[in-house]
Structures are given as C-alpha cells and as structure tokens.
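This is the structure I want to talk about, given as structure tokens.
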C-alpha cells in the first residue's frame, strides 16, 4: 500500500504511509502508542477505508471498501479491540459470518467440534466453548479472536497486538503459529510493543511514528536500540547513521541482552 | 485476604485463594489465562464481591461490597478491560467520580490542567485531552486508565495488566511509577504476563493456577523457569523441590537471559 | 357584541372545528355538507377546516390558527364541551362569534348552539332496546352495557341518558360498575363481550346496549363467534354503513341516526348570517352555566330494519346499492330493500 | 529457547456440561437455577401466579369457553410481538407496527369487499403492503441513517393517514359475515383427533431431534446432556399438551388462528436460533461493529428485519380484522403497538438488543392476554381497571427481575 | 539498563484547539463541519427549511400573532422533553410521563378548584406528586431491576387510573377563568422593556463568561479559542434575539410560560454539562459498568433522574392545564408521550444513552411545534394531515442523518 492517509477530525492519524507485505514473510509493525498502527490495519482490512492512498493486492490495485471485500480477498484480521459479540458463545463468535450449515439450519455439532480442536491447538484454557464470550477472561477473549482469523483460508493475516493479554504458554503457541503461517506462504503483519516477540518471529520491521513511516529494517541487521530509537523519535538521520555504523560491525548486539531494554526502570 | 472463592455458574473461578499485600511492596500476581487473576482483583476492589472469604485491611476485617467502599478504603484499581466511558473525553474520564468543583459547577480548567500534567508524567502521547476516549488508540486508553488510578490518594493500587498495550517508552514510565509508588509506601499488586516487567519491579510473586494458589516466591530467590512451571502446571511438589534445590545455589540464573524464556518459539 | 363581521357581506372566513375523525360522520358528512351549504349561501366565503383528533389541546391550537388565519366566525364542535371555554374567551378577545356545534360548550358566552341532544341519544337507544325486548315478550333479564371511552365526556352523557331509560324498565344492566370501552375500540368491546358471555353464559342476557356502532360491531362478533344465534337485540349509534348492513342482516337491532344534513345546514345558515352581521332568532335556549344560549335542537332518530328506507336511504346518506352488497343481497330482499 | 508448552490439550477446569446420573444432573440444574441461565422459568411462574389469582377471583377464568376465547384473543398479538422481537433484537424499535396492521386490515377489506378480490389474493396483497412498508422504512433507517425511532414514528403517522385514505368515505367496512375469512378466523377449529395427534407428535418430534443431536454429539466426542433430560421434558410436555387439548375440547376446541400463531412463533424461534440468518441478527444486536468486521452485510440484515417485522404486523392486522369481522379507522391504533412491545419484553427480549428468550412473544402474549382477559371477568370501574392492569403487569415481571438480580449483581 | 525515555513532555502531534487567526479558525471550523462534531447545526437547518416551506404555503405562519401562539404551544412540550432527555441519557425510557402530566393536572385542579388550595400551593402539591411517582418508579427500576420499559408502562396505566379517580365523577374541571393560574399561563407576557433587556443581557452574559473562562485557561497555559469566536457568537445571538423580540411585540409579546420553559431547558443543560451530577448521568449512560467502578452510586443516579423526569412531566402537565384552562380525563393522554420523546430525539438525544446535543429539548420542541402549527394553518383533511406530518418530520431529520453519515462511516 502506498501513500495512505487518514484524518479523524483534527487528528491526522496517518500521513502518506507505505507498507509492503510479501507472501511467506512476517512484517512487524511497531510504533509508539497512537502512532497509527491500528488505524493502518483498519485501513487495509476495509473497516475504515483511508482518505487517500492505494492498496495493491497480488499485483492488482484494489479498493477495500468493506470488511466483507477484505474477506473475499483473503485478508484476515485480529483487531486490538477484539470485536467479539458478547452475547454469543465462543463457537458462534468463531464461526460468525461463515457458519457451517446442514440443510437450512446450522451445523452446531460440527462447529463445536472444530472450535474445540482449534482452541486446543492454541493451548487455550477455556472452560467451555458454549460460554458467552462476555464471561471470558482477557486472554481467553484474545485467543478466541486469534482463532477466528485462522478459520477462513486467508492469504494475509493482520495481527494487532495478538499477544498483549496472553499468558506465557499461549504467547509461545501464537508465535509458533505465526511461523507456521509464514511457512505456509502467508503474509503476516504483526503489531506488537514487545521487542522479544518481534525479534522472535519477524523478518522485517516497519516503524511508524506520529502517523508517518519512520524507517524499515531487516530484523537481523538492526538492534533493539535502533528500533526503539526509531519508535520514540530519534530523527531519521540519527537512526540511519547508527544503522550504517552498526552494519559494519555486522551482527552486533546480543539480541537477548537487548531484550532487557524493554524492562525499563 | 483469606479463603476467597467465587463461582460463575458452572465455572469455579476462585477456590480458597489467599493473598497478602504489604505497604511498600510490589506483589506480582501471575497465572495462566483464565487462572482467576482478574476475578481476584474484582473481588478485592468490590466490583464483584466474592462468594466466600474475608478481606483484612490495615488490621481490620472489612467488607468491600461496592467499588465506592473500596475507594473509601483507598484501594485504586486499573481494570484489564479498562472500563472507561467512551462518550466522555479524557479529562472527564480521569476525574470521573471525583470531579473538581468551583462553586456549584465543575472546574474544567483546573481538571484539564491537571490532566495534562499527569499524562505528561506518563509520557502519554494523546493528541488532546478533550478527545472522547472512544477515539483513542489502545495504548492511549490504557494510559488514561492508569492515570485515573493515581488521581485519588490510594493506599493500595491494583494493576491488572497495565502495560499490555503500552509502547516501550510508556511501559518504562509505568514501571518507574510503580517503583515510586512503592517507595512512597503504597502496596502495589501487579498482574502481568511479561516476566521481564515482573522481574523489573516485583518484590514477591504469587502464582494462581486454575483458581487456586500455586506457590508464592520472593523474586530474588526464583528463576523465570520456576515461575513459569508454577504457572503452567508443574505440580506443587516439583516446584517446591526445585525451589529448595535452587535456593542452595542462591542467585542462580541470570535474570536477563531468563527474560528470553518468554520469547517462546 | 357578537357580530363584528368586518363588513363585506359578499365574503369572509368561517372556521369549522370538528373534534375527531375516528367515527365517519365528521369528515364524511358534517364537513362536506357544511361546506356545500356555505358555498350555496355565500359564494365568496372561505372555510377554514380543522379536526382535533380527540385532543382538546390540539383543538385549542387549531382555534388559534383559525383566528390567526382571519376567521370571522367559529363553528366549534368541542372535543370536550366543559373545556372549550378557553377557546371562546380567546375568540371573544378578537370579537369573533362562536357557534357551539353538535356538543354544548359549557360555562362560556357562546352565541348559538346547534345540536342533537347527547343525553337524548342515550335515552333513545335505551327506549328502543326496551321496546324491542318487550316486543319479544321479555320483561326482565340482564342487559350487557358497553359504554364509550372512559376518557370521553360524551360517553358519560350517552351513559346517563341510557340509564334514564333502562333503570326504570325492569331490566338490569350488567356489569356494575359500568364498563367503559377504552378508546372506543371495537376490539376492546369484543374482548369485553367475550368475558361477559363466559361469565353470564350464552343465554344469560337478553340484550346488549352498545354506545356506538363500532362497539356494537365488536360485541356482535363476540356473540356470533360464541355461537349465539340469533344475536339478542343490540343498539348502536352513528348510522355507519357497516351498521346499517348489520341491521339489514339482522345482527344489530338499531342505530341512532342523527340527520347530519339539517344540522350542518342550520350551522351554515347561522354562520353566514353572523358573517353578514345578522342575528338569526330562535325561541329555544339552553343554559350552559354561563348564559342562556339561543339554540336550534334537532331530534335524533332511531333506525331499525323497518325504517332504513325512510331514513338513511331517503336522506341519500347511502344508496341501496351501497348497503346491499352481494353479502347482504338476500337479507336486503327479505327486508324489502330493493 | 525454552518452550514452556509441554502439556497436551488442556481439559476444561470444571466439566460442566457432561453429567451422567440424574441426581448429579438435577444438582447441576439446581445450581444453574441459582447462578446460571434459567431462561423463561420465572415468567412462566409469573404466568401461573396470574392464572391462580384470576381463577380464585372468578372461577369462570379457567372454564373451557374462556380458554378458547383467550386463544382467539392472543393470536394477533402473538404474531405482532414476534415481528417486533426481531427488531428489538437489533436494539432498534418499530413504532409503526400498529399503523401497518391497521393499513393491512384496510387494504384487505377494500380489496376483498369493495373490489371483489378472492380471499387469499386479498390477504396476500395486504401482507405484501406490509412487506413494502418495511422495506421502505428499513432502507431509510439503514441506508440514510435516520434513527429507527424517528423513521417509524413518521411511519406511524403516514400509514395511519394512508389507512384513512384507503378506507375512504365509508370508514367501516364489514367482511361478509358468512364468508371464508370470517369463518376461518372465528369458527375454524382443529378437529379433535388432529389436535390430540399434534399434541402427541410435537413432544415426540422434540425427543427424536434431541436424541439425534445427542448421537451426533457423542460421535463427535462432544459433551452430551444426560439421556433422561429430553425424555423428561418430552413427557412433561406431552402430559401438559394433552391436558390443555382435552380441556379446550370441552368447548369449541383449538382455534386454527391460535395454531397459526404458535407456528409463526416457533418458526421465527427456529430462524433466530438455528439458521445463519438468525445468528447474524444476534450478532448485529450484540455488537454491530463486530458483526460488520465479520463481513456481515449489516444494512441488509437491518432492512430485512424491518421488512419481516412489518410483514408480520400486516399479518397480525389481517388476523385481527378477520376475527373482528370488520375494519375501521381505529384498527391498529391505540394500545396495539405498546401491547406488542410489552409482550416481547415481558417474554424476555432486551430492548438493548442481542438478547431474547425462547418463545418470548408467545409467553409475553399469554401474560398480557391473560391479564386483559381476567380483568374483563372482574367488573371493575375504568380507573380501578387501569390501576389493576398496571399492577399485575408489574408483578408478573418482578419475579423475573428478582431472580435475575439474585443471579447476577452487575451488568445488563 | 537503557531508559528510552529521553524526550520531555510530548506536545500533541496536531494542535487542534489552538487557532490564532480568524481565517485559520474558519478553516478549522469548516474542517470540523466536514469531519468533526457539528452539533445542532443540521437540525437548525431543518427547522429553517420547515419555516420557509410553511411560510411560502401560508404567509400567516410568520406573523406575530402566530409566533406568539407557537411560543405558548410549545412551552409544555419543551418542559416534558427536558425531563425525558435526562432519562434517555441513561439509555432508559419513561413511558409514564404523559400519564404523570395528566395526573398532575388533575391534582392541580382538584386541590385548587375543589379544595380551595392557594394557586401556588396547589401547583406545589401537583409537582410533588410527580416527584413521588418518579421516586417510586425509579426505585423499582434501580433496586429491583425491572426493565424501565415495563415499570413505566405499568406507570402509564396506573397513573392514568389514578387520574380518573382523582377527577372523579366530574370528568372535566375548569380553572376559574379570571384566576391567577389562567392569567399567568394565558395572558402574562414579559413587559417589552424587560424582554429587550433580557435579549441583550443573555448574549452579553455569554460573552462575559466565555472571556472569563478564556482568561483562566490562558493563565493555566491551556489552549484557548480565538477571541473573535465568542464575540461573533454573541453578536449573532444579540441580533437574532432582538429581531425575534421585536417581531413578537407586534402582537402580545413573549409569554412568561415560554420564558419559563427556556429557563428550564437552559438550567438542565447546565446541570448536565457543568455539574458533577450531570457528568455522572453522562457516565452512567455511556458505560454503566465503568461508572459503577468509578464509585458512582448508580442506583441513586437512576432514581434521581427518574424523579426529575417525572417532576418535569408534572410541571409540564400543570403548565398545559393552566394554558388550556381545565383538566379532564384526557389530559396527558394520546400523543403527549410520543411527542416529548420525539422532541428529545429530534433535538439530538440518542436512545442508546450517553449522548445529547445542547438545548436538544428546545430545538426538538420547536421542530415539532412548528410542524403542528404550520399544518393547522393549511386546513387539510385528517388523512392528508397525518401523511404530511409524518413526511415533514422525517424530512427534518434526514438532513441531520445525511450530515452524520457523511461525517462518520461507522459506529452509532
């Protein structure tokens, strides 16, 4: 996608943002809070089409005017705000919009069976798939939302902070899953604030800052400090200088030690 | 609190859970998804009083039947689902329930000034404090919720995954803040799935598993692997054995390296 | 003080304010008849028409609008006769004379009153019903009483008149206290009647007093559905076409026909006269609490199968073709309506 | 790298659905009663209390003749309540249903009586008028975005005006008293043998379907309800239905209009709960943004639901006109609208959307119909009648509210 | 450890509120118009269109006599709409307001006329009856948890019954035609000089307050609106108000009841937007769970709001009765309820709670009042009148909806 802009009233959420996603690749989209990551995701998947800008999908320029159109194209999304129907149970949320049928009526048995299977794959700890999602814990809801996105047969998966509320085991499973998706040749966009997760699975990192592109890196050519500098606003110049300097040293920092940068305090 | 139990229909969310929080101490409450952490927090702060169990606060046994009662006691909470009023702007959400007045009407100017100050302290990136929170990004909302809990003059602060949606800078600020709270002599309960964050600020770690206590550790006496084992269900026995064994080696693992356990995959 | 016509005998504005459109008479008869007569008497006169849909405050609004539009005479059929005094005082403040049409405006300096007597209507219904029952050889028994809307003052007047005829007749009205049909709705009358049949039994009553044709229709449906044949004598009011058909078909015994034409014509005559600054004279007056109002009172007529032809057909209210649709052809023949 | 996931598939911490012995199951059910989802039980209890009170006040209440009347009386109400339930499920409102029912009645009478259309054709035309109205209102709501309250308030006025216009000069139009339509609505009852058979078949069908589903679930290794539960339900249903049928045939029997209404309620219950379309209605009512993001055509759901609601309102108007034997300017006015919404809400439909209980329109119509019917038997003056109606209505719902309240201390 | 936070306080990325030059500000305002919050402008445009249409159809529409009538006509409606706005803000409904207004009218008349209470005392009693009703209904709703729809539907019936009972045999009771109450509601107008002064003071007061706030904000280093904006608004307001006043004094002038209604609307607007209590109403309507967790006493907010709504309904009933000069069994029945809700909704109050526009009840009452008043001048038959009313109502709101729709493509 090229030159995507989006304005909300007085807030310019995105200005002229470019983003490329290739099949069989995981792109991490990182940026500060309010940088416009979620807005970009919503623009790609048709939930709130951008004011300007074009989306090219599989070589063709497309207009994604509605979530339905995105689905048709094979774009599946996990939204940061999850967007589940609280009044429906887990099974129904998973299959919402693509229910299985048996004659005129729904095939509840088959849907329930597949839901159970899918959730077990993600090591989800959900007491019963017949509970309304309103009564699930934060992490359980997130697991449901992630499972949802895998149910169709997507070509591109957009994950907006999928592991934010997940436990350690579930996070590991989701990262495994992302790698499996990449290996199956899907394009994956992963939004996360967790550099450890990003380093673990991403091939490329795109940084957004205040609604603008602020650098793009191959994951192996960059340190966490560099990414964080790009996120929090070291000027583009400084970052590129450092990138150039560090590239000479090649595989510079130990990524594990860098992971602690995030530990703050 | 002692012997807290809570049942939702067929799901026994908490059974006989004990938790102690002392002034000037940060307790990390960890556990798998659906372990009952949020339910425990809601039980403490009066949002959904437990079926059984007692809460002792400052030596007295108290009944916290409503969030208002909890506020009176000086318990402030950041909920996992944030619980903000989408139709109100940031200032109003921050001061909800404890508005500043000037005569009969509200002192909007003073509230706005203080909001701005507070948010700047947390390095929040919010375009305007007069935006309705509905239009904020996930991390911005979380910052608002955290700021809210600091506005009163709490004695105990319960933070349910406060950094889940925050950027790296904001996370660092929140961790700083937690340490400042501890130094001011407040009791802090921190729920988090991020072991790095937990290690960074917690003094003690309490583990919940399937609604039951599953071990309690001083942070310096335990490795990440041990905590994760307790979370994901190594039996109590195994964990205590390992704790005993590791205690002999004293400060065993390098916490930084252990941080990567969480990187999964 | 009544007639500031504003001059020109050749033209002027007359406001006709009618109370409701739920029964057919006002929109279907009174209005066109009145307009036709006015046009006949005064070609250049303009008529401002409003219908208050059973809402007194709306009627007040309409009166204000009419006066605003320059009405020089108000012909007012009040939703609530006791409550229309405000309108009269407003009109008086603009020196516009007021004719109380069909229903009496109480406690106000009204200029003329042209009407059928509502209490008399109820009395007529009661008398006709009692006579019919005596004809059938009954001297005692229960009469199910279905009154009009509990929030309609006229319903109270009909009820009062009916009681004056029924209470002394040897028959007993049920239930006590009296039932008033919410909103005059036929469905409500039907439900009520079904309850009464359940209570009294299918032959536990000798007749039905229904305040108007709508409620009569509901009651008759209830009785027919319960298998009561023939339907005991049932009253009505308004001479709706549907009621006339039921009368011809033998389901309803009578309806009260208020010959709208003479009433409307008279009102038109008086209104045009007032417009011209004249004061038509009459020897009858009715006391409305404030003054003795000069009045023209007309007699309501009871219509039964025997006099359909002499009343509604003769008055050209309905043609025989209208009444005798295919469903009623046989009955018409039997009744001699051809 | 440490992979902390060593456990296989995690079993749910408390297996709640699989219950083997009746004793355990009853325990579980009581448990559910106390804390879980108890469905329509409280309102059924409210209904039973109403019946007991009215019966003790006037013993004619439960006699066969009156029960048959009750069935006849609530047919139109139940149908209209079914329609408005769909709209309420979206969290929207349709104020025009009364006017639409009146308009349909007027159209039926004018086409059939004045223009001589065959009965069925006239009914069809009247119902299609309702559908058209619903499509128009639904489109203005969904496509332009005018709040449904305003669109249908405008509709309430407009269609009432059209109704007056359609009825024209005459005002009131009689159906031929011996015609098909009147006969069907007033004098047609299910033959006794058929009623008994149907009342036996329905529980058996339920049992059969339950057992089939149970088998499929067992085959898919999903938790199953204990075998005795559907059997017990079927037996209770069988006994109840047979008793009611026996009672009704002391008088005229089960009216076809009532059967028709029950079929409408059951069909739409199936549509809502067992089809993809119904699932989408739930989703739109529960979280419209989530529904839109799931690729559901929200506009189409909204328009079609408003069309269905108006269609059912028209059907209800037709049934009411046939039962009354005529239509006039008052058809569909007044309390028609509010009674239908009240029936849906009493039956357990939430005005906030996304939630309704099984057979809510039927249960609600029974409550409202029983109160109205019971009061007719009591000879009260108008003021007392209003006060008592309001009080009983409130009382019937208070039980429900109390149970709900004890069940959950927060949230809607 | 690396502390990544090196920047000081981050300035907002796009400073939106601070605008220095008029040109920029107008640009910003147009921008807001296109994409942001545009408030009540569309409905004001709708109102202007209605006025233009009716004026062109009948030139008496805008004459002084009719405008004074319009003022008199909408006083009661505006007061009732203010009350229901509060309830709608909670996302709830009160169906009983019509009955309560009728009951209050009946109580006023019976105490004043039959029992000889002094006018003010009688008014007080009538209004307190409303408050009591609201407290009862609010408590049943908040404490027992019966849906507000059902509680107030029961109220609708019960209070109408009580009204009939209070009026008793008599049915209709007239106020003494020359008494204080009738004089106040029908013949009391603001003296010309006072009206002119008030119409000048109001904009000046607004300007003064704006400037004071601006100073305080500047002192607190908060972004401020440009100086010219409040001045421009004040000037426009001044001119408009003076024009209207001048026009009205060609006839009787500004009625006190109208002034009273405007004061009620303004007061409750202030209460909603500028006090802690109002903020809590917004919070409960926006997210009840968040409100509860913020320590707000939700039950108390609910009960008090229902009490306020009923109180205002009673005040409205009293005003209506004084203007009509009587009360009868029909007072408060019919379309009273639906008109009040419609006024609130047209003015921009959401039925889903938590959202209302400034002075919504006043604007809504003006729209509804103008339509009704304009149509009265056109002498239409009932059927046409209904159709036209519905259509105009819809048209007035469509503009609003279209603007909203273009503004935001999703969400409520």
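We call the chains A, B, C, D and E, going by the order they appear; numbering starts again at 1 in every chain.
Following the convention adopted for this analysis, contacts are C-beta pairs under 8 Å (C-beta built on N, C-alpha and C of every residue); 3 or more make two chains touch, one makes a residue touch a chain.
On a predicted model such as this, the values are computed, not experimentally measured, just so you know.
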Checklist entry - Any chains in contact with both chain B and chain D? => result A, E
Checklist entry - Given the contact rule stated at the top, which pair of chains has the most C-beta pairs in contact? => result A-B
Checklist entry - Counting in whole Å, what is the centre-to-centre distance of chain A and chain D, each centre being its mean C-alpha position? => result 43
Checklist entry - Once you find the CA centre of chain B and the CA centre of chain C, what distance in Å lies between them? => result 76
Checklist outcome for this item: Here the gap between chain D and chain E, centre to centre from mean Cα coordinates and rounded to Å, is 36
Checklist outcome for this item: Note: chain B residues in touch with at least two other chains are 8-11, 34, 47, 124-128, 168-169, 172-173, 228, 232, 260-261, 263-265
Checklist outcome for this item: Each of the following residues of chain D touches two or more other chains, namely 3-5, 7, 13-14, 16-17, 164, 289, 292, 382-383, 410-411
Checklist outcome for this item: The positions of chain C in contact with two or more other chains are 21, 150
Checklist entry - Which of the residues in chain D end up touching chain E in this complex? => result 91, 93, 95, 140, 144-147, 149-151, 153-158, 160-162, 164-165, 288-289, 292, 338, 341-342, 345-346, 350-352, 382-391, 393-394, 397-398, 400-402, 404-405, 410-412
Checklist entry - Which part of chain D faces chain A closely enough to touch in the complex? => result 3-5, 7, 9-10, 12-14, 16-17, 213, 216-217, 220-222, 270, 274-276, 279-280, 282-283, 285-287, 289-297, 354-355, 411
Checklist outcome for this item: Note: in the complex, chain B contacts chain A through residues 8-11, 31-35, 37-39, 80-81, 124-128, 131, 135-140, 142-143, 161, 164-176, 179, 193-197, 199-201, 228, 231-232, 256-257, 259-265
Checklist entry - How about chain E: which of its residues touch chain C in the complex? => result 58, 60, 63, 65-66, 69, 72-73, 164, 171-172, 174, 177, 182, 186, 320, 323-326, 328-330, 333-335, 372-373, 376-377, 379, 381-382, 385
Item to check | Residues on chain A engaged by chain D in the complex (per definition of touch) | outcome: 45, 47, 66-68, 70-71, 77, 79, 83-88, 92, 96-99, 101, 104-106, 108-110, 112-113, 116, 120, 123-128, 130, 134, 168-169, 172-173
